[in-house]
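There are two complexes below, and they share subunit A, which is joined by subunit B in the first and by subunit C in the second.
Let's look at the complex of A and B:
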C-alpha cells in the first residue's frame, strides 16, 4: 500500500497541473496498483497452501524420529526405522493394499469401459442410464460404506436374503466377518461407488471420436468386437492412460469406505496401509495409545510406495506407446 | 436439421440386439440404484421388520416414526445443521479463494509464479493420508478454535482448493484479454476488473465449483470425525450416523441409522438430479484438462 501512495504523490509533483497525464505513466501506475491487488487476491490461497499442505508435510519430518503419543514426544533415534522394517503388520497391510487395488482396477476399468461403449450406442434413455451409473459417486463414501454394512449383514441383510430367496445359496454368508469374503465385500463396495466416475471419463473421451470413422468401419463390414478393438480402444488410448493413472493412485489411497465397512477386519484381512496408519495416529476404540511419530514415518513410506507405483505405471505406459 | 442427420434404419435382428442391450442397461441400473433405494425405503420400515430381514425391500407398513426419533432423540437436527454449515462454508470459501487465485494466475506474470503453481500441482499428488490431520488438529487447539466448526470448514476448503483454482484459471484463460484492457482503459482497477467484468462471465465455472465444493463439504467424513472426537454437538451427518453404528447397541438402532443415512443422502441426491450436468462437466474438466 505504501509504495502505491508514494508513487501517486510523485506523479502529482511531476505532472503539470492542467495537462493530461502521459499514457506511459498512467499505464505504469495501473500496473503497480494491480500488483498489490493481485498479491492480496492471491494471499488467501497461498495461506491455505502453506497451512493445509506445506505445514503438515514439514511437520511429519519433525516427528519421524520421535515416539509421540499426542502429549509427550520422546526422541528414539532410528528405532522407528528399524521397527518399520520388521513390522510384519505394516508390510502385510501394504500387500493388502496391492491386492485390493489389483482386484478393484481389474474389475472397475473394464466395467466402466463396457458401460461407456454401451451408452455410446445412442440408445433410448442413455442420459438417464449415465446419470444413474454416476449417482453412487455423489454419495459420501462413509454413507455408502454404512449402506453396504446393512446389505452385507448376515442374518437380516438383504443380499443374503435375496440370494437365498432365489435359491443361489443355502446358508447365509457372513460377508464382513469371514476371511474368505470380506475382501470381496470391500471390492464390491468400491466398484459400485466408483465405476460411474471412470465411465464418464470414457464417455467424454468417446464423444471426441469422429462419427465418420465408425461410419466407414461399418461400411467395411466390421463387427462390434472389431470396431471396439480396432477403432474405439486405440483412439481412446490417451484418455485411457490418464484415467488409468487416476484409478491407480485412487485405489491405493482408498481407506474411508473400508474403515466404515470392515474397519480392516476380520483380523487384518482388509487392513490397507492408510487405514493401519490412521489407527496408529488417532488410536482405535480398543487401543487408544497413539504412536504418531511411527505413523508419520509410515505415512512417508506409503507416499513413497504410491509415488513409485505411479512412476512405474508411467514408464510402462510410455513403453507401450512406443510399441503401438 | 432433422433431415440432414441421416436416419439409421435397423434390421429386425439389429432391433432385437438393441432391445437386449437396453434390457441389460436397465438391469444394471436396477443393480446400481438398489442399495440406495433399499436404504431410503427401509427408513420407513419399523425396527422389528428391519431386524427380521427378508427379501422384500418395500415396507409392510409405512411409518415415519424413525425420522421423528432420529430428529428428536438422536440429535439429527444438530447433525443436519452442522452438515449444512460445513458444506455452505466450504462452498463460499472455495468460490472466493479459487476465483481470485485463478484470475491472478491467468492474468498476471510475477516472480515465482511457476514455482507456486508447481507446488500446488505437487501437493495434488503427494498424499500422506490422515497424518496431516494431526498437525492441523493441534493447530486448531493451539488457536482455541477447535470448539467451533471453523477448523473443519477452513481445512476442508484449503485442502480442496487446488482443483478449483485450476478449473478457474483454465476458464479465465478462455476469456479474451481485450476485455480486461477495455475495462482498464475505462478506469477499472485490477480488482474491479475481476469483480465487475470477469466474475460475471465465470458463471458456468462458478456453478461447477459451487456444486463440487458443496458436495465435498457435505461428504467430508474423516476430518470432522477426528476433529469432533470428543464433541458430539459439532458432528455432521456423516459422522453422526456412523457413530451410532459404532455405539455398540447397533442392532437396536437400525431404524434410526436408516433414517439418518437417508437424511444424509437425500439433499445431495436432489442437488445431483437438479444440476447433474455440472457434476459431470466439472469432473471431466478438472481431470482431463487440468
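Let's look at the complex of A and C:
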C-alpha cells in the first residue's frame, strides 16, 4: 500500500510501508480537505446569488397564474398562458429579437476580434485606442441612446452630415423613422456600445498565448494570416467560446438603448421581446395596467428561448471542438 | 422624483417609509384598493375656508380624485387641453393669419406652408410631430372636439371606429411635416428655431417658449385645435393637477392636513398662479387673479368646452396600445381599417376577459353627454 506520509521528498520515490494509517477524525478530514475554507469563501457569493437572483426569480414566477398590478393579485388560472399563445405582438417581438441578435453577433464578434488583433500589436497608441473603444461600455445605456438620437437625426444629424460630406449619399436618411433603416440604426448603436468589451476579452486571451509559439511560427516562415488562423484563433478558442456565449445571451436581452433610441418603432420594427415585456410589467401603455403576472410568464418564455439558443450554441461548439 | 413615481410610492408604502403626503400623480383606485391613502372628506367637511377656496365638491372626478363619495385629493390647478402653437411669420408668408376651424382647412394650410418653405434656405415646413405620443398631441384632441372618443361611455365599450377621418388627415399631414419625429424637447427647439409653423401641446408650452426655448425671432400665437367640420361636438380633455394625497400610514395626519391647507390657501394659490405656474381650476381663485401677471399662460385660459373625462377602465391589454397603433396607421405601417378593427377587437376582448375574471368592472354612463363628460352618473357593472 502507498501512503502520502511515506513520500520521500529527496528521492521523489514512493516506498511501500506496513505501518497502519494514522486515525483521522471527521473534523480533521474536513479541515485538511479545505471544505470549510472553501465554504466560507463561497458564502458571500452564494448569499448574493440567493438574495439577488434566485429569490427574485421565485418571487416573480409565482405570479404567472395571476393578474397582478403591483397592488392586488387575482388568480386567473390559465388565462395568461392562452393570452401568450395568441399574443401576435409578443411572437413578432421574438422574431425581431432573433433578427437583431443575428446581425449584431455577425458584426460585433469579428469586429472585436479584428480590433483585438490590431491593438495587441506593439504599436504606438494601442493603449489609447483600447481605452477609447472600451469607453462606450462604461457609459450608461440610456445616455448612449440619447447620444445616438443626435447622431441619427435626419436634419443636422452627425451621421447624415458626414455621409453627405464624403459624397456617399445625396439626400439625408431618416434613420429612426424609416422602417428600412431603424434596425440598422439600433444595431450600429449596440455594436458601438458592446464591441470594446469583447475586444478586451480577446486581448486578455491573446496575452495568455506564449510568445514562444509566435516566435516558432516566425522561424518556420508563417505569414500574418497563417499566424492568425493557425495559432491565434485555435489558442483563443476557449475565450472565443465564452465571449460568444456572453454575446449571444447579451444580444437576446438587449432592450434599454433601443427603448431610448426608437422605443420599438417605427411600427414595431425594433420591438424586441424584453422591451415588450418591460412595457407590460411597468404599465407604460395608456389605460393599460401593470401586468406583472403576464409579464412574468413572458419573461419565463423569453428565458426558455434564450436558454434554448444557448444550449444549441453549446452543442454546436462541442461538435466544433471535436472537429478541430 | 418623477420617474416611475407611482412604483416608488408603492414600494415606500410597503416598506413602511412612505411620506405623509404625496403629489396627486398616482392611480387613486389602486392605492385605495389596498387602503394606502386617506379619504380627505372628513377634513374637508370641517373646513369652510378650504371649501370656499378649492370648491372640492364641485371638482370631484370619478376614478381620478374620488371614488364614490370619498375624496382622495383636491385639484387647485388644471393643465389646459391641447392648443395649436403657431409661427405667425411663417403663416403670414403663406397668406394665413389664423388657425382654421376645420381639419381639412388645417391640412391645406400645412401643405401650403411646406410648399412655400421648400424654396427657402433653410427649408421650412408646415407642421412638426414629436416621436413621444404624437397622436395624443394633435389629432386625438381634434377627434375629441369632434365628438370622437375611444371609449363609448354610454354602452361601456371601446370604440375606435370614429378615428378613420383623422387618420386619413394625419397621413396627409405627415407627408408634408418636418421630416424628423424626435423627442418633445428636440421638436420644441426646432419650432422655436422656426423650422416649422404648427405645433400642438397644452399649457406647459407657455413656460417652455418663454424660458426653456425662448422664442425671440418671431411672434407665436396660440389657437384652439380644429375639429372635423369646424363645429365643436365634444369636450376637450383637460387634466386637473396640484393636488395632495395623504398616505394612510402617516403618523401626523393633522399636521399633514395643515400642509395641504397651506398649499391650497388663497394666499399661496394666487401668488403661484400669477407667477405663471398653473391655471386655476376654481372660479374663486380665477376671479382673484391679475391675469396680466400670468404671462403667456393667459393665452391658455380654459375654453367653455374644456372638461375632465371620467377615468377609462384600466385593462390588461395584450399588444400595442391604441395611440401606438393609430400612429402606425398614420405613418402607413398598417392599414387604417385593419388598425381600427384590431383595436376594437383586442381592447374589447381584454376588457371582457378582465370583467369576467373580476379584475375590472364595466363603466357605463347612460346619460353621457360628450360636451359635459363628467356630468353623467357612473355605473360599474360586473357583466
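The working rule: the second predicted complex is superposed on the first by the 263 of 324 C-alpha atoms of A that agree within 3 Å, B and C clash if a C-alpha of one lies under 4 Å from a C-alpha of the other, contacts with A are read in each partner's own complex, and residues count from 1 in each chain.
The criterion applied here is as follows: a contact is a pair of C-beta atoms (placed from the backbone, for glycine too) under 8 Å apart; a residue touches a chain by one contact, two chains touch by 3 or more.
Predicted model only: the values in this text are computed from it and were never measured.
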Worksheet item: Overlaying on subunit A: subunit B and subunit C, fit or clash?
Response: clash
Worksheet item: If you stack the two complexes on chain A, which partner ends up touching A:302: first (subunit B), second (subunit C), both, or neither?
Response: first
Item to complete: Give one of first, second, both or neither to describe whether A:229 is in contact with subunit B, with subunit C, with both, or with none.
Response: neither
Item to complete: Could you tell me if A:162 is touching subunit B, subunit C, both of them or neither one (first, second, both, neither)?
Response: first
Discussion item. I'd like to know which partner A:149 touches here: subunit B for first, subunit C for second, both or neither.
Written reply: both
Practice prompt. Using the touch definition from the top, say if A:265 reaches subunit B (first), subunit C (second), both or neither.
Written response: second
Item to complete: Quick one: classify A:61 as touching subunit B (first), subunit C (second), both or neither.
Response: neither
Worksheet entry | Which of subunit B and subunit C A:282 touches, first, second, both or neither | both
Worksheet item: Which partner reaches more residues of subunit A, subunit B or subunit C?
Response: B
Discussion item. Which partner chains sit in contact with A:102 here, subunit B, subunit C, both or neither? Use first/second/both/neither.
Written reply: neither
Discussion item. Under the contact rule defined above, give the subunit A residues that sit at the interface with subunit B and also at the interface with subunit C.
Written reply: 149, 153, 155, 282, 285
Worksheet item: Which of the residues in subunit B come into contact with subunit A in the complex?
Response: 18, 21-22, 24-26, 28-29, 32-33, 35-36, 38-39, 42, 50-55, 57, 96-98, 100-101, 103-105, 107-108, 110, 116, 119-120, 123, 125-136, 139, 154-155, 157-159, 161, 165, 184, 189-191, 194, 215, 218-222, 226, 229, 238-239, 241-242, 245-246, 254, 257-258, 261, 264-265, 268-269, 271-273, 276, 279-280, 283-284, 287-288
Worksheet item: Okay, in this complex, where on subunit A does subunit C touch?
Response: 67, 69-72, 74, 76, 79, 83, 86-89, 149, 153-155, 172, 174, 176-177, 179, 263, 265-269, 282, 285-289, 291, 294
Fill in: Of all residues in subunit C, those that touch subunit A in their complex
4, 7, 10, 30-31, 33-34, 131, 136, 178-183, 186, 190, 195, 312-324, 328, 331, 333-334, 353-354, 357-359
Fill in: Residues on subunit A engaged by subunit B in the complex (per definition of touch)
30, 33-35, 37-38, 40-42, 44-46, 48-49, 51-57, 59-60, 115, 118-119, 121, 123-126, 128-136, 138-151, 153, 155-158, 160-162, 164-165, 192, 196-197, 200-201, 204-205, 239, 242, 246, 249, 253, 255-256, 259-260, 274, 277-278, 281-282, 285, 292, 295-296, 299-300, 302-303, 306-307, 310
